[in-house]
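What follows is a set of structures to go through.
Two complexes are shown next, each including subunit A; its partner changes from subunit B in the first to subunit C in the second.
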Partner chain A sequence: MKPLLNTLYVQAQGSYLRLDHETLKLEVERKLVGQVPLQHIGGMVVFGNVMVSPFLMHRFGDDGRSLVWMSQAGRFKCRLSGPVTGNVLLRKAQYTAQSEPTAAFHIARNIVAGKVKNSRTVVQRAAREAEDAADRVALEEASTFLAASLRAAGRARSLDEVRGVEGRAGRVYFEVFGRMVRMNRDAFVFNGRNRRPPRDRVNALLSFVYALVRGDCVAACEGVGLDPQFGYLHALRSGRPSLALDLMEELRPVIADRLVLSLINRQQLSGRDFEPRPGGSVNLTEPGRKTVLAAYQSRKQKETTHPVIGQSVPLGLVPHLQARLLARHLRGDSAAYLPFTPK
Partner chain B sequence: MPGGWAEEELVMISALEHYSYCPRQCALIHVEHVYDENLYTLRGTRAHTRAHDENESGSEEGVRIERGMPLFSERLGLIGKSDIVEFGPDETPFPIEYKVGPRKENHHDDLQLCAQALCLEEMFGGGVPAGAVFHHSSRRRREVVFTEGLRRETEEAVGRVREMILASEVPPPVADARCPKCSLFDACMPFTLAQMDVKAGLARLFDPER
Partner chain C sequence: MYILVTYDVNTETKAGRRRLRQVAVICKDFGQRVQFSVFECQVEPARYEEMKHRLTKTMNPDEDSLRIYRLPGQREQHIETYGVDRYVSFEEPLIF
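Entry: the complex of A and B
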């Protein structure tokens, strides 16, 4: 199993990253404030005004390490990509699958089933832990609905049907999401998912963590030679990493939503880690983001049993493994794409 | 480039060794162009860097040494590069292949070396009866004699590799003792694919209670 290398997140404004032999050096105002051997770094995410030397970029491109630029507030801006290499036959199979009526549909259907199943696991756990009776009842009802959605996904016969199942399941899931918040409910009010911009703290947190997972999913697609823009569940749209978003669906509940809930419920974050913006949107503060990034990194190190592979892997490697499983399916090595559905 | 062959019909000498070790490994490298580095391949690259450096060619004790010589065979549609070819006083080429691993009888190496010999015979117009595998770790040479049987086997392997690559065929994983040491283990997923029960997996996926 390949080692899970760390992602380095840099948000010190005005800092400069450069390569010194095999070491990555971080300078702020020309003073060295940190250094990491390159061999420990799998990728890097930089926020806002962080400069990266050309030679460091070259090296990342050569090695296939990911480098993502975010706005200072954590919105995805762009990423570095090295030369297009590797398996053109894999990419051809990826494109061909869309024109084969059943292939694309089956991939999308299984991804949606994975997402619904994993969402339900999150809801069930919250229902068990709920202290308030009304919360428990609502969560149990949602769990029943999601069970029905899962069966409906299995019966679906077209991509449209699958997308319909996903839409309804998503709505029900976010209707009860606020009930999974057990601490600090005054600060963490949630009335449905909104974004661009997020209008409350929970949405701000969800958006930020989803952006991180999305970056990892793009890197996972590229790492195994898949085109991150060409997906099945998500319609193709210029500039949209549809396949990475597909891959992300089944992982959202496990990697992102659980993290968001535990950051709030373990009171690792408080209302003060967010700042209101004029006009009603909400951002994480810099210390708030720091807390989230550290928690995200440590969540990625957490070992989990992968039901398809049948062995324990760090959660952070799961996007890569799923991208690999998808690639192997597209190349005809397995009859179906099986999503990651931990018990 | 040998003239009678289309670019895609040419077989790399290194593919023969891969093929003889594991046809899927060969297909992953030469059909899918998957390449993952691991400790073994990194060591191999390092050891080969010097062997392949043509600037270090020269003469030692009456034996002329060529490093990194491009090799080809028109007849077989075979191309590659030698590690080292020694030319003795009678100018008979003697190919030497560098290996990082420990010294052991290894048929895959023999096949690769024999393919080099077949190229050298065509390029220099004389017989190449033997060559050697040099083991980097033990610094020992193992001599390989190119018998009729080995030559026939090598030529047959060239044909099979060409067919596989032209058909873009990727054989299923072998999932045996070879796999854990293979540099392509992660990309190949041999045990995962071999043990994967898709039917059971799908049944579990759509069942809320499992």
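Entry: the complex of A and C
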């Protein structure tokens, strides 16, 4: 199996990354502050004013290592993409599935079922841990609703119905999301999901982590030779990585939401790790981002048992495995796409 | 696998000093310097062969010496360090 290589995150403003033989060197104000042999790096995410030398970019493109640029606040800006390679027959199968109404619908339905099930697992766990009776009741109600949504997804007969189920389940999930915050409640108030820009701390945190997961999902699609822009649940739109977003849906609760909640509930983050910006948006501060990145990277290294392949794998490889399972289904080697639903 | 690479390069001549620099550059591609002529590397078997090949090609067998120690298993179980230690684990989150 593909080893989970480390991801290098660079957020030191004004730093310069260059290639020296097989080693990546990081300089800040012309002083060498770090060097890592390329063999240890699977990808790199850089934030804001970070310069990357052309030859380092060439090398990343040649090797198919992922390189993603984010704004300093962590909004996805662009990524490096090497030559189009991979299996053209696989991509053809990917496009063909769209024109067969049932194929796209079945994939989308399983993705939504996976997402709802994983959301429910998060809610159930929070309900067990809730100290406040009102919270517990609300969370248990949401859990019941999500169970019903799961059945509704099974009964759905069209893509639109599936999208409707997903929308309603998502709304209920985010209605109770604030109740899963147990610590620092006055700093981490959550009244529904908002973005572009996020207007409170929890939303800022969610948006930041989602951007990271999204980058990993794009890389996962490309890694197995799928076109990240051509999805099933998400409508096609120019510039949108619909397939990566599809892949991300079932992984959000497991990889991102749980991370956000534990960062708050274990008090690894406090209100001071955020700063208000003009226009009412809220951003993570630089030390805050560092805490989140470290937690995200160690979460990716955590082993989990994959229910479909029955093996223990690091969580960070799950997007790649799911992309591979989807590719198998599209090629006709498996009857259905099975989402990742850990216990 | 984890390996420890140490070397002595005869630097009496200009060519020797050049070899010293080249050997260090090769070692940096595979691992990190923990003391002046001591490198710790974590490499896959294929990369290990590549490293060995490049190092033995660069050194002068009549004047220089190269030693490679293989660590059985995880490095933490086999290395004790005292004093200054600038070792960076490339498996921990890498954030600069």
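Note that the second predicted complex is superposed on the first by the 343 of 343 C-alpha atoms of A that agree within 3 Å, B and C clash if a C-alpha of one lies under 4 Å from a C-alpha of the other, contacts with A are read in each partner's own complex, and residues count from 1 in each chain.
One rule holds in what follows: contacts are C-beta pairs under 8 Å (C-beta built on N, C-alpha and C of every residue); 3 or more make two chains touch, one makes a residue touch a chain.
Just so you know, these numbers come straight off a predicted model, no measurement behind them.
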item: Fit or clash - subunit C, subunit B, common subunit A; value: fit
item: Subunit B versus subunit C as contact partner of A:338, first or second or both or neither; value: first
item: Touching partner for A:325 - first (subunit B), second (subunit C), both, neither; value: first
item: Superposed arrangement, angle subtended at the Cα centre of subunit A by subunit B and subunit C, nearest 10 degrees; value: 60
item: Partner chain in contact with A:66 - subunit B first, subunit C second, else both or neither; value: neither
item: First, second, both or neither for A:118, with subunit B first and subunit C second; value: neither
item: Per-residue touch tally on subunit A - higher for subunit B or for subunit C; value: B
item: A:281 touches, of subunit B and subunit C: first, second, both or neither?; value: neither
item: Touched partner set for A:94, first subunit B, second subunit C, both or neither; value: neither
item: First, second, both or neither for A:297, with subunit B first and subunit C second; value: second
item: Lowest inter-chain C-alpha distance for subunit C and subunit B in the superposed arrangement, angstrom; value: 5
item: Common interface positions of subunit A, toward subunit B and toward subunit C; value: none
item: List of subunit A residues in touch with subunit B within their complex; value: 1-2, 85-90, 110, 113-114, 117, 120, 146-147, 150-151, 153-154, 224-225, 307-310, 324-325, 328, 331-336, 338-339, 341
item: Touching residues (chain side subunit C, partner subunit A) in the complex; value: 25-26, 28-32, 42-44, 47, 88, 90-96
item: Of subunit A, residues touching subunit C in the complex; value: 6-12, 15, 20-23, 26, 33-41, 290, 293-294, 296-298, 301
item: Of all residues in subunit B, those that touch subunit A in their complex; value: 31-36, 168, 170, 172-173, 186-187, 189, 192-193, 195-196, 198, 201-202, 204-208
